[in-house]
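Chain IDs A, B and C follow the sequence of writing; residue 1 opens each chain.
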Amino acid sequence: MLNPQLNKNGELIHLLTLEGLPKDILLRILDIAAPFTEVAEREVKKLPLLRGKSVFNLFFENSTRTRTTFEIAAKRLSADVINLNVSTSSTAKGETLLDTVDNLVAMQADMFVVRHASSGAPYLIAQHLRNTGREDIHVVNAGDGRHAHPTQGLLDMYTIRHFKKDFTKLRVAVVGDVLHSRVARSEIAALTTLGVPEVRVIAPKTLLPTDVERMGVRVFHDMREGLRDVDVVMMLRLQNERMQGALLPSSQEYFKVWGLTPEKLALAKPDAIVMHPGPMNRGVEIDSAVADGSNAVILPQVTFGIAVRMAVMSMLAGA
Amino acid sequence: MKLHIANGRLVDPAHKVDAQRDVFIEDDKIVALGQTPAGFTADRTIDAAGLVVCPGLVDLSARLREPGFEYRATLESEMQAAMAGGITSLACPPDTDPVLDEPGLVEMLCYRARNLNCAHVYPVGALTFGLKGERITEMAELVEAGCVAFGQANEAVLNTQVLMRAMQYAATFGFRVWMQPMDPYLSRGNAHDGEVAARLGLTGIPVEAETIALHRQLTLARSTGVKLHITRLSSAAGLELIRRARAEGLDVTCDVAAHHLHLCDVDIGFFNPLHHVVPPLRSQRDREALREGLARGDIDAVCSDHTPVDDDEKQAPFAEAAAGATGLELLLPLALKWGGEMKLPLLDTLARVTSDAARIMGITKAGHLGVGARADVCVFDPETYRRVSRDTLKSQGKNTPFLGIELPGVVRHTLVEGRVMYEGR
Amino acid sequence: MQIPDAETLLTELVAQIRPHVSAATAIVGIHTGGVWLAERLHAALGIAPPLGSMDVSFYRDDYGSKGLHPSPRKSDIRFDVDGAHVIVVDDVLYTGRTTRAALNELFDYGRPARVDLAVLVDRGGRELPVAARYCAHTLAAPLSAHDRLQLQKAEDGALSLRLIHA
């Protein structure tokens, strides 16, 4: 099966997932993101790379935050950005996903940034673009169902490299609702590709996917055991809906057992970094003292996120 | 009309015949095998040199989409597909719209099918009204209208007492009950709950969805004495439960859908919606168990589980795509491919789509080619491979996961009651 | 063709620039050869503001056809560009497109009072209206498009010019 993200020259034409992405392309994105971080410090925070290009933010799932960072990234590259919040009511009017895409292609879209509640939706779009001969239009997955959130995974790797330098010497723990998390899947894929020797997941059984070990991780249910001597703690958001469906009894109990407090963090290495994709649920998965503490690198993650997205868009548009 | 099928290799599993033997047909019956009967002058001779002559295939499950789902397929189109697939008898599930729970609806369906003069249609009636699992249907009347069994398609009977009573009522008459083992709460996903679904972020359907439902169904079959048939087995664990029940003396049969013999969850690849089927494609180990189970006879028959779906309904993200695969024209090729790979004699392979399937339906007129039998015949070329493509599929549904794959077995002639209804290249 | 000695040219360039250096003069080198040159000039001329460097990859006019440069670097300008007298330094002046990109990038940092271009060698073949105020050597005849003239830096820091025939 051809990797749908690469063209026949092995160049990245879509960013759909970090799983199966060759290591050298992953590293290249991180390398290219570095110079983009400097742009934020200039007076004119703009580069001409995507001038004249139209980037359509196609968000089928609401997310002001992610959409805003993509918008900032695209505008810093001088692209024209069009935001489309395709609410459920318009799909209820009968327009299929691909019909929507065709309409936007007719409006001269150059790039789609897509967020969708169903795993695999960006693949369908990328495949459709190939089938209709429009391989010049690029797709960036901004999160599909539970499957992947590749730009988040990339900015997390960038953050780790910034603070810890060498992936091959690290112990990393991913904590929380791995079962429902596209961020976790992308992080795990990237960490294993980049050669992190030990990737741990810490969660109750109800929040872990079947056969999760096959993703290359060590499973812990005990937070204290799992955090011992780790260099990086990657927290995941716990959504309120998880209390329904009999996955968890309450957020209070969750916080008691799996919430990151200073006392539990003390078991990790003293210079361990704490990461969170945001938005945080203080008092549910993370204690305020940790979120605001010196180990947390949550705000730098946001800054790096813009640079990483600029790097991705530039690489795709230049292919 | 007198028909002579000459020089063919007659393979009739019911009579354990696999030999070069000519077939002589007069009107709608087979009048002789082997030697030309005295005074027989054929109006037409079909040269079946190099071809296999077998009973018209018997398919345990084909959704014809009438009544109610004509935008997906119609009787006309699907009958063409059946003929092209060499299928001369088929059972259709009750999940039409309206549901096949009224004798009048069943009569009308049978009437329409008879008028098309193609495959014989044997409806499976609804076990409960509207398939809602609350009130049992008028089973005696439905059998009189043409039903061969009762089932719930993919709908659950939540109330165990209703299920027990429905089985008791059916057992009163000796009617067959066909059940799909699917726990409704555990089946709310769209892919097999395993490594692949975990990676792809698809909601998984664990094997327990099948085994827990099976325990329930087998236990009730034991206590009610009903003739139970389990449809579309998907797992090794499920098969094991059935084997043990049979070993203890329970009269239960089961079938598997042809695609489950060849595909597993890994084949979903990059979220290919054509692989979204119910029950889901499970792991490689499950697939192996099903392949071997069918070879040993632990699984009695293989069917197409033909479920034609409109193109638009498949062009959606995996979870949202309509489930099901089209398959009338692929039953024979997929069975042959399986049989060849398992190194089975052709007699055994074809038994699973003819005599064994007929036995499950309880019909004696189909699935065999003895003297005096109804002349439903399939003549096919076992050696030629053909690529599955949208253009060659006659069904209105082009939704098969085997698109682009080359499969063996090309049907040359299909006869129903002595009439040649299909001739292929 | 005789390749001139880079160290000799550097001395010549320093001599050209020195009379015009003031407290407001800043130096910005263009990666990679221009930065090596700029380092030497910065030291030799006693420039006050910190040395600046620019990677003009994001401003190149061939992005549409060639895509992103394989390894862009960070630009680093730590002095206030507004009102500064900036000398942009590059090793070889050829079509002038790199200079155009450098100017565009510089102006995204602020509005300089004056910008001058200093190069070691002018190889001819201009495609844009760009000229170097300070230039140590102009080739007698322009090189062909297949030739590349490059500045190289040895381990001990010595600079030299190399001609590569494609």
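The rule is short, and it goes like this: contacts are C-beta pairs under 8 Å (C-beta built on N, C-alpha and C of every residue); 3 or more make two chains touch, one makes a residue touch a chain.
This one's a predicted model, so the numbers in the text were calculated from it and none came from an experiment.
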### Query
For chain C, which other chain has the most distant CA centre?
B
### Summary
More Cb-Cb contact pairs, comparing A-C against A-B, go to A-B
### Query
Could you name the chain whose CA centroid falls nearest to the centroid of all protein CA atoms?
A
#### Entry: Averaged-CA centre spacing for the pair chain C and chain B, given as whole angstrom
77
#### Entry: Between chain A and chain C, centroid-to-centroid distance (C-alpha), Å
39
### Task
Could you grab the centroid distance between chain A and chain B? Build each centroid from C-alpha atoms only and quote it in angstrom.
45
### Query
Okay, in this complex, where on chain C does chain A touch?
55, 57-59, 63-64, 66-68, 70-76, 104, 107-110
### Query
Across the complex, what residues on chain B touch chain A?
193-195, 197-202, 204, 206, 269-271, 273, 312, 315-320
### Summary
The residues of chain A that touch chain B in their complex are 1, 4, 19, 96-98, 116, 118-121, 123-124, 127-128, 144-148, 182, 185, 209-212, 214-215
### Task
Would you tell me which residues of chain A are touching chain C in their complex?
11, 28, 31-32, 34-35, 37-38, 42-44, 46-49, 314-315, 318-319
